[in-house]
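Consider the two complexes below, in which chain A is the common component and chain B and chain C are the respective partners.
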Partner chain A sequence: MSLQSSFIEIFISHIKREFLINFRSLVDVISIISFMILIVTLFVLGIGPFEEKLRLISNAIFWIGLILAIIPSLEKTLQRDYDNGWLDQTITSPTPMELILLSKSLAYWLIVIIPLLISLPLFIVLLNINLKLIPWLLISILVGGLSISLIGIIGSALTLGAKRGNILLPILIIPLIIPILIFGVGISEAVRINESPVNNLFLLIGFTLIYLVISPFISAFLIRIAISR
Partner chain B sequence: MLYLQDVTIKRGSKIVFYNWNAKIKNSKVTIISGKNGVGKSTLLRAIAGMIPLEKGIVKNYNNEIFKDQIKWGQNLIYIDSKNGLSKDLTVYENLKTWSEMKGWKTSDDDLQKALDSVDMLNRKNLYVSQCSEGLKKRAALSRLYLSLLFDVEFWLLDEPTNELDQNSIILFNKLIQRFLENKGTILLACHELKLFDFNFELLNLDLLKK
Partner chain C sequence: MFDWLANPNRFNRITEKIQPYILLIAIITLISGLYFSLFDSPKDYQQGDAVRIMYVHVPSAWLASFLYFSLAISCVFYLVWKHPLADLVSSSMAPIGALFSALTLVTGSLWGKPMWGTWWVWDARLTSMLVLFFFYLGYILLSNAFERKIDGSKTASVLAIVGLINLPIVKFSVDWWHTLHQPASIIKIGGPSIDDKMLLPLILMIFALSFFSLYMIILNVKTKLIEKKCEALLLKSNLEEMSKIG
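Entry: the complex of A and B
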């Protein structure tokens, strides 16, 4: 009696598993957000009480804070499952590794994005972000966050089993994140000077779609190498 | 019947098996024995598809097993010392997510019976982080019961008895007995041969290396 579930069902059940694991030990999720709040606060305090200065660089601070806060948690996404043997189990299962990695990056994206959206009002107050910018900021975080997590999975797969992976990982993935940073900040800057931000948004979406296609394949390839060692 | 033909397996830069031929009989238990580091785990991992073969083919009757990874994935259970249990989930949740990943639709009843078969039912809501090594191993072995319900042909077990107590070994033997009745084939790497109360074929890798 072999009742075969479809790939969609496997995909959804995998996302559920990631949610269960991550929201049970909330430490990772909370650390991302609190780390980001700390980075932003440090910037704001460092600039001092000059609204003009803050207005010029607030968008950059927000994005850099987001990237720096996400990076430390990226390494764990695959390392945990590699250490406890779950990846060995997935490779000896009928489910393609690519599908599992896609569900992993989508789950990671949701896990980071949901608390970030909840704490967004705090950042708006801290950075004195203009209200007309908020819808654009939301879209750019959603799209940019997805590509950061897709890139992050590649980096995480690349450093699997490596000593000092936590130092190697940022060096490897920050260059890949640079386009996301440029277009993400570009969207906000365009709104600030009353231009249309659509061009930058399309470029950001374009990059995300490219990563959406290639990231599962590259990271599955890297994981197979890590497991065969 | 599993045929290994001219198989060369490398681990890193070291050649572990060189142009090796072997035959593994079906509906039987084959115990792979040998000294530490002789290549028992490497062989199991290679057959499971985790280490790509440098050369040669592995056939299940006439089908090359690595040609169709999806079919082969449905056909085997691989358990090694790492168990593959997430420590943030309970024993029950681990089994459930694992069977979903295998693509099986299991009812709650099946999962309970599976845990009962290794005497873990009363501990099903225990977090894996709180389990001892023996309990973790038993939780991993509960997958074997589930595989009896679906058409799985092969069990590849890497030292499954290491942390088990006396009682669990009896339960493990029972599972093996049932699998053999289902015409299943078991490949087992193990040092202690007197733990098993069934007939087995012995594949001694020490002899090969001479």
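Entry: the complex of A and C
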């Protein structure tokens, strides 16, 4: 019991640490939101200002913008801790690395994905998204965002110490997150054509649960490889 | 069995014996398979002669998926039991598998031109094959992205295993996406029922390409073993020279 409670304490303290480091500046979230607005603008400029066309693909644009905007920030999740030697120190501590990484991806989710929801009204206006979609969009971003951060930590661990890691990361990550895009857009599309989106939502939740289980172990394994260099 | 094969010298000795036979089988099945598929198989009543593309397309698609599976299994062997040979095997499989998936995409689009009227259709199978190609590409890029070869091998092996978990999900989700957006109306290559006359060349071609890739993998592994030996010798001679100077 004491072991369990100490694990929970460690878990919470790590999340607090991430908050302290990242929340001192909100630059990350602001830059992600502005990047996303720019991606949406590029899409609209490419398509043309036709209401009809936009209504058909606005959900896809939104999800692609979200994923593309998040990817560059994923690299930083572990790189800084690796560079300043924090990972080398924590790996020698008795706390399991898996726990620390789980707290790290949850912290990333809390710090980056949840503030992104603030920008949701903006995109609803920009892309003419139907208002009845909002609750579903909220749920799907929360769930999908969790799996993006879980996969992102794997990607970040894969490219630790790699040459040209920042270019490599999207190539490695995007094939892995294709299901999130498909299920996420599927939820929105189902609502748009008045069908039940629960199928897609359950699939998205299932996908997230798989990575919730395997992501900490895989990334901890990768970090042990990276540290042993 | 893998333990037993994992010794490089033993591997060399055994493959020395069986390699010519593998090549022989590959050549024989390739020639007979090509003959049957090009001259002695019926035209499809819908697809005409274009159906003959299938005899290259289907085996390479099959091999691309199978090679990824074996690559990931061999990565498991490398990470768990730390056989250096397992890494050589998986890194030799990667370019061949990538080539086969590229071949699948090219033949698929060549087949698509007369059938669908365009070079590329976002068909569920073609799309998931494209994703498979990027998994291969990611593996190859990551294994070359590190200063030391061994770091790249280990990290890329983990990626291959993650891909093994993720690929069925991608495959499923792409199928799901396809049925979601349009009902299955496109003729699928090699439908559910297939004539015996067509099955024979197909099986022959599958054998031919499998044995050919087995031969190429063995050749690749052997080359890499020789490379490693050369590196070790170079290191040794450098050390000796240094000790002479010292």
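In the analysis below, the second predicted complex is superposed on the first by the 222 of 229 C-alpha atoms of A that agree within 3 Å, B and C clash if a C-alpha of one lies under 4 Å from a C-alpha of the other, contacts with A are read in each partner's own complex, and residues count from 1 in each chain.
Note that contacts are C-beta pairs under 8 Å (C-beta built on N, C-alpha and C of every residue); 3 or more make two chains touch, one makes a residue touch a chain.
As the structure is a prediction and not an experimental result, all values here were calculated from the model.
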Clash or fit: chain B against chain C, after overlaying the two structures on chain A? fit
Please work out whether A:162 is in contact with chain B alone, chain C alone, both, or neither, and reply first, second, both or neither. second
Does chain B (first) or chain C (second) touch A:171, or do both, or does neither? second
Is A:182 touching anything from chain B or chain C once the two structures are fitted on A? First, second, both or neither. second
First (chain B), second (chain C), both or neither touched by A:229: both
In the superposed arrangement, which partner chain does A:31 touch: chain B (first), chain C (second), both, or neither? neither
In degrees, rounded to a multiple of 10, the angle chain B-chain A-chain C between CA centres equals 90
Determine, under the contact definition given at the top, whether A:214 touches first (chain B), second (chain C), both, or neither. second
When the two complexes are placed on top of each other via chain A, what is the minimal CA separation of chain B and chain C in Å? 7
For chain A, which residues lie in the overlap of the chain B contacts and the chain C contacts? 229
Could you list, by residue number, the parts of chain B that touch chain A in their complex? 11-12, 48-52, 69-71, 73-74, 76-78, 80, 82-89, 93, 97-98, 100-105, 149-151, 156
Touching residues (chain side chain A, partner chain C) in the complex: 154, 158-159, 161-165, 168, 171-172, 174-176, 178-179, 182-183, 186, 189, 203, 207, 210, 214, 218, 221-222, 225-226, 229
For the complex, give me every residue of chain A touching chain B. 1-5, 9-10, 13-14, 16-17, 20-21, 24-25, 80-81, 83-86, 88-96, 100, 224, 227-229
State the interface residues of chain C toward chain A in the complex, per the touch definition above. 131, 134-135, 137-138, 141-142, 145-148, 151, 154-155, 158-159, 161-163, 165-166, 169-170, 172-174, 176-177, 180
